[in-house]
Amino acid sequence: MPTVRERVDTGRTEAFSDGVFAIAVTLLVLEISVPEDAFDNLWRGIADQWPSYLAYFTSFSTVGGLWLAHHAILRRMRYADSTVIRLNLLLLMAVAFLPFPTSLVAEAINRTSAERPAVLFYGASLLVTTALITAIGRYAGARTELLREGVPAGDVLAVASVTAPSLGFYAVVLLLAALAPVVAAFGFLGVGLLAVLRARGDTAGEPGG
Amino acid sequence: MPTVRERVDTGRTEAFSDGVFAIAVTLLVLEISVPEDAFDNLWRGIADQWPSYLAYFTSFSTVGGLWLAHHAILRRMRYADSTVIRLNLLLLMAVAFLPFPTSLVAEAINRTSAERPAVLFYGASLLVTTALITAIGRYAGARTELLREGVPAGDVLAVASVTAPSLGFYAVVLLLAALAPVVAAFGFLGVGLLAVLRARGDTAGEPGG
Amino acid sequence: MPTVRERVDTGRTEAFSDGVFAIAVTLLVLEISVPEDAFDNLWRGIADQWPSYLAYFTSFSTVGGLWLAHHAILRRMRYADSTVIRLNLLLLMAVAFLPFPTSLVAEAINRTSAERPAVLFYGASLLVTTALITAIGRYAGARTELLREGVPAGDVLAVASVTAPSLGFYAVVLLLAALAPVVAAFGFLGVGLLAVLRARGDTAGEPGG
Amino acid sequence: MPTVRERVDTGRTEAFSDGVFAIAVTLLVLEISVPEDAFDNLWRGIADQWPSYLAYFTSFSTVGGLWLAHHAILRRMRYADSTVIRLNLLLLMAVAFLPFPTSLVAEAINRTSAERPAVLFYGASLLVTTALITAIGRYAGARTELLREGVPAGDVLAVASVTAPSLGFYAVVLLLAALAPVVAAFGFLGVGLLAVLRARGDTAGEPGG
């Protein structure tokens, strides 16, 4: 059990995390551009950037799903102990890192030699972020002293159980990526969209909480 | 009617959305620069960037108007259900995408072959973001169980009715863009400014809400 | 007098403005880099970037001072009417634009032909942002119905009177810039620092307000 | 003792600071990329970016630790006087500057002539940010009139005493950097991680504070 000295309230942790989530998804667009020499046939030049749109859409959905889970966990918590704070910093570091593998995969698709490593590296990054949010949910759900009054531990574990299956999906799609990288890239989009679609709201929602 | 499990309070949704809106408008400036070889006649070099200023001003006004409408809708809501959350993520994805078509249109103006597709692509992006905020307003306005006590549904629909006409204006200017792309680029600025000028405040404003 | 329909509470306006202020100052650093060929004598390469540091320091101080004045004005307000909202959007647009003239001045210093226009353009941008915050303070200070209970109008005008003198200083330094651009660049730093040093806090501070 | 006029509540100071912290850590990733010619052997190309990962990880940990200390100090404060506000602006300026020395060190590692100055410059930047947060903690801890009711001055000084030892560590590692720059680069990572691991929470935590 954490000592009182190790407790931190969750208000500013949420504010800082929201900032990192919001900036990470917004920076993704900086990687998209149409090369100068495609301006003569710009419709085609815009269409040729499809790997960038795919990567943008995938990373945005994934971070959107992470943010929903993060919000659902943290608003059920009264305090964050040192472990939660450090896991959260690791999560934010992984989220803020995502624009790099995202741009890498966007550039590498359709280049035979680079496609596979880029997709594997990208998928592994998505897997790590999802593992970290799942770990935070599991950890907090097992410690009722961190939760707000009246929030059952099962409630937080239920949130974590929404993100956990994505880990399995990522593992499967990573195996697929070794054979068919481009198909796997679409697979990661599917996992991200599924996480957003499965995300649920709150049972004990006070307005403005 | 949404079940209780699907409800999410709007506080952190607003914080996350504010972050994405603020970053998207701020990133727009990164696309503006004066090429090295224009430094010998820098006043002219600065003036020659007018398409960049036009695009910056247009996107900033448009996102400013979206933010006003977003704020007016969300502060009248008590809960966001799963549909609102997903529509909001789509809206944020569209807003965070805007720096790309903005920089494209700034580069393409005055290049005969690229002007038309760039302006059409840009206008379509503005149309999509406006359609999404209108959809959120319409959806929430039709569900009184999502609204704060004492907020009439008509109030939210009135906010949405401020953004809806922009859809018609965008459609008209997009048609115009096929004939006269540069004129249409100024037209998009007009639609954005009009949305800001037509935006209205709150009837039931509690301070600090 | 504004009708009730035109009122907007200031909470989310502050959040959105804080986001834009924070991002604008942080993006300033992206313009600073040491060219590849200066790596052989890196200490010198780092030192040679002094115009970039000067521009960074100046813009950061100026935006810091604007933020202090913005905060001092908005926390004394109960409502923002349509005029305040639009003036605030104009202010944010000017603040978010600053990284462009900042990088321009950093590049142009020490290039004979480009120095003068770059410094004048930069100074004019700083002047515009300061004029806009002064206008917001003057406007709100003259309308007691926008202020929180117990806040005398003179209080807000006193905040605006801290920023107003900077307008005169900028005008003087802009004249100087026509003769001695580099001296004027240091002058803008002086005006920014002075605004931060003259900024005052709150007379009626509730904690957490 | 500060006069009432000089007091500023800490709420918006925290929001603005959180924004700058969040953006500074997120911008760090923009410096990481794999050069085009490494796409033929992309695994190796990804691995070769290790100095970038080291610099990213080090700067992220350092800013994470600073943020923890900043939060711990400011939430114990009732008011920020003019000195705190100006020290805080200096701190934010130093934090927002970090992406520049971070990218410099990432580029310079493994280049014999550039390694040492880049590591020294980077370490000095980390030292300055840590000195500024320590100064804020020391200053506030010595002025009980700035603290919330019931917060003993010793409590804030205890937070500052967590960051102070890092100053000594940085001094030692900077000496080491003159002899073995790459070893020192790992040393800075160690100092940052240690600060995060030593960070403590709150004794008087109200939820949502």
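So that you can tell them apart, the chains are marked A, B, C and D in the order they are listed, and the count of residues begins at 1 in each.
We take it that a contact is a pair of C-beta atoms (placed from the backbone, for glycine too) under 8 Å apart; a residue touches a chain by one contact, two chains touch by 3 or more.
As the structure is a computational prediction, the values presented were derived from the model and not from experiment.
Undergrad: Between copies chain C and chain D, what's the superposition rotation on C-alpha atoms, in steps of 5 degrees?
TA: Going from chain C to chain D via C-alpha fit gives 90 degrees.
Undergrad: Any idea if chain A and chain B meet via the same residues, over half in common, or different ones?
TA: different
Undergrad: Calculate how many whole Å lie between the centre of chain A and the centre of chain D, each centre taken as the average of the chain's C-alpha atoms.
TA: That pair's centroid distance is 25 Å.
Undergrad: Can you list every residue of chain D that touches 2 or more other chains, as numbers and ranges?
TA: Only 15, 19, 22-23, 27, 30 qualify.
Undergrad: State the interface residues of chain B toward chain C in the complex, per the touch definition above.
TA: Its residues touching chain C are 14-15, 18-19, 21-23, 25-30, 32-34, 39-43, 46, 56-57, 60-61, 64, 67-68, 71-72, 75, 196-197, 199-203, 205-209.
Undergrad: Considering the complex alone, what residue numbers of chain D touch chain C?
TA: Contacts found on chain D: 2, 4-12, 15-16, 19-20, 22-24, 27, 30, 78-82, 85-86, 89, 92-93, 96-100, 103-104, 107-108, 111, 113-114, 117-118, 121, 148.
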